[in-house]
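Got a structure for you, written out below as structure tokens; questions coming shortly.
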């Protein structure tokens, strides 16, 4: 059987590197081009010595012509606002794209502009409604036929998967949702920054971007869509009804996101009822694990895997439910989910090449 | 001038050790007895080699007679439910006591029994209303004359100081308070436990005691007292009106607690108004620092000091206010605060011997 | 094709757990029994929740009869001095054994007794010369036909592989070898110990067992054998000619061993000469990577893999050569190497199931 | 009593910051100017919020005129090769200088040029023999009268103090000395560097500058001086007889250096003999602690203090002695030792302001 020819644009960021690691061992994939702005011309094992004897591949510059001609599918692992300069070119050449930036996640270009301070051009605006939000547990069918998948953000993946069943079944109020998330340091990427130096992060812990983190509109768009599911897609582009109060924190560990979500229950609910809707919602999702109370997921259980682990606890005194949702930010929160999307788009088993 | 003669019961737990470190350099204190159940008879530098050449002192057994005769003030750093066996004996001998356990923090012995699964005997029940909750920023005057101070828990210190001004000024609703706290590993003490092993904690992060942490009643008692301040002490013993939704988490760092608190604002408030009530509330508190937005405290700023650092952010979209409150769990959250109380009880400058 | 039926005795230590992780995904293996003294009767995902939805297997007690009847090969991951109570029973029943303890590594039972304070019984003494030291890069042919493989210790693996080519080619003096090793905390196992608590290890670094670490005789036996390779096996049992000066240190990381070895060069050697003998020595070794100067291996390059990464630097001013040798202590230093041995004993590709 | 007026040039590097922390609480010092190239004009608590409410001081630019006029003593905490542009100006104005760079540590300017790739100008060359190497345990008398103290490097401090008694008493051979050092990340300073990012350092461990670290000549100069103590200073400038084989490693902790030193004993020595020469050598040194075998120092015992902790073990099988020497790289390895020097130069108690 012929392998899927895959290229990665931006292969030397943390996400790009993780994509390479997964795809080099994927039984149905042939890696074609790995591009890098900073390291063009070097072999990948010069940049990341862990690839020594494992992958012998040169990093190339961004030649879209060449890449399009020789690739069936391309992962774009570029910074926000840069991706939109590249993606339309690839699509024009009939190459499928999985974009790991935020550029095609928001249906509403005005909201994008407000949070990311850049306007889509006309071509990209047209692409927005066609791009599929790549959360397979919610949009499996749409992803199957997608040409452009907007791979979700890391925080949104943990949050949306964590509370989707509660919202869908209207077990909770749509107001007053509090989300307290904690992420390892790799979430901040490989750019130089004093604040990310070992001596600054280690033995420290802090909240950051407490006023406005640009993962908020993505979360609100998707939660609203789940809660108000009667609405059609058209409407979804116009309105984002639900709001969340979100605080990200930085933990001195390499990988992982744990989101603690606080929602108000509509009336009294039993543990078994909650457990049931979660198990049913995710019964065909190979990468979601539900922990039965009083068990709770911990960071280390999902780090290194593509799992989203979810646990919960009902606070009867307060009428609240707490949900703990954990992912590896570089896998289910980025590269792993992207490969899961690739598998679905290509008719491969959903778990192929993933652990 | 004669020095205050001080003994520490339970000197080889993390809190006891921290007390020794502070008090051995305190200019107005003479350390008399350091007791240890596990290490009786050893020199303290055999147990903690960092004391080598600094403190030459033998660890003794718990001889209450001897301790009472030769001490003006005793710190009891014993486990919850054990402290109450010792404290009344000391008070009987006219020795002042600062108790670092939870045994005298709750005014209502029924609530204590419910959360700590042990009943106070008659003597201790009588002591409950006389014990002063040792949070100097709230109870300065009472501490001055106290014979028995119940030193606050670490989480409660961070939480109560973090939100007291908002509650006192009724800037926020008393309902629906969410508190998401994160603590370093020393908070769990020195008892053997597989879950506290390096290989288990390191590169991990988790929520724990999510259903019921026994610091909750202490927080609720004090927050209620601040919010409903018209009530007299008698009433305070009977009712605990406010409730909080609290989740503690374990961070892989040695020391520090950061609490992220979410409260609903009563109407719209400006940053300056909030800043003003905080600055006013703490104007005479030498160990509270208020960070002006957009600055926020981080764990490393207060770890190693007796400060409680507080910052905040108003989420106008949600009508919420987020407060970040940080302390060193072993200092302001335990030993440092205990020495601050000792200073106040003894007429020393409040900051003496502390940084 | 029928799969190899494999059992693990001692499946809930760190090494046993790692064996389970590898073997559950090994394409040619069927896991039969996983035994655990502490957790008999529990499902493995109750002990290690990371196995949830991945492996559904009960932990059993140590029934040697049942295990022998239904297994082709057994891994014994028991403490030193305990393994020797079990291994002969298994061999008697014609089951192949890979023993991860030190019990069959030393050819000389007197040396074993001196360092491990226990004497082999007669049956085990007879087994000593038949046991093959499971370092595939040195003993490939013997391992192929072995019934009992003594899987090497973690420090010895890093040290022996690190300097074997220099000794074999007599590039260095056999005297005055200094080995300064550093290990992550998982090397100490899962037994309860205050010294391994997070608050004790974290932000600390120390040497330990500086006088006498029981990996020394194993290293000396094998280095002598390589240097004096003319000698036959018989002699090897009697003499251990070479000596090393060894100091292990504990690093606050989860996994990995880095050994810095200092040897005296016999005359002047060029980098290219050294590089050549290393590359030749390991040309058919799939799990050894040689780093060309000035590149050096780092802990993170091999952690998570079965590689031993080796780099070196010649100190001409001192007439010394420094070798840096790195492994993952739980993989190439234990479970990974054990599976590599299993592959070789069973005629599978040497790298099967390993990364 | 009038306080000593002190300025710090380069107050916002890790060493400068540490100097500020110590000196702001020093009872005999008044801080005059704190200069910073990067943060001129800002208040120090804007750069380091931990100074909030503790030190209210503006960072100034490098105005040598103003600084000289108003300071009795200046600490220069500048990068190597930059310090020599500033120090002579200060001395000309009769200000005492403690230089924390390497610029005046080496007596031989040719050796300096070889290792630091820059030549001293004529003025600085003249200063070299006058500069006193600021290791109080060796040069106490000279420091008392010094105008310019060259504060030792961090690695050299740990190494020289660790083995000086053995060399002085000729207990060991001067050849073949192996030094394997491990340092926390703050040793690398605050300059931007991808290699120092948390995600790169954390859970990693590596050797670096394995071929040539520029602390080597400093170590060799001082060890030679101690071993060949009959020689006069003149000769010391010309010859560096002893050589060491040195390998530094980076540990993922914030602070601390542990050096493991391997030396060949001249004949057999008993533990008590070794202990005796160490205790005698350091009997008047308030910041050196000798650990009696089998006790050994650990990183955490000295981190946060100005102590150098030393332990040892005799390896009789090899005829070697191992010395473990530990310091806090920012205190005894930099700022703490600088203040110790200041105390000595100013007639203050040697331990004043230090812990």
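Just so it is clear, A, B, C and D label the chains in written order, and each chain counts residues from 1 on its own.
Note that a contact is a pair of C-beta atoms (placed from the backbone, for glycine too) under 8 Å apart; a residue touches a chain by one contact, two chains touch by 3 or more.
From a predicted model like this one, the values you see are computed outputs, not experimental measurements.
> Which chain has its C-alpha centroid farthest away from the centroid of chain C?
The chain farthest from chain C, judged by C-alpha centres, is B.
> So which one's got more C-beta contacts, A-C or A-D?
A-D
> Where the CA atoms of chain A average out and where those of chain D average out, how many Å apart are those spots?
Taking the average C-alpha coordinate of chain A and of chain D, the gap between them is 48 Å.
> Between chain A and chain C, what's the gap in Å when you average each chain's C-alpha atoms?
Chain centroid spacing, chain A to chain C, equals 39 Å.
> If I count partner chains per residue in chain B, which residues reach a count of at least 2?
203, 252-254, 297-298, 300
> Sort out for me which residues of chain A touch chain D in the complex.
Touching chain D: residues 14, 185-186, 190, 192-194, 196-203, 252-254 of chain A.
> Chain B touches which residues of chain A in the complex?
176, 178, 180, 182, 203-208, 210-211, 243-245, 247, 249, 251-256, 258, 260, 262, 264, 294, 296-300, 303, 313, 315, 317-318, 320, 322, 324
> Once bound in the complex, which stretches of chain B touch chain D?
For chain B paired with chain D, touching residues are 25, 49-50, 52-53, 203, 289, 291, 295, 297-298, 300-302, 305, 307, 309, 355.
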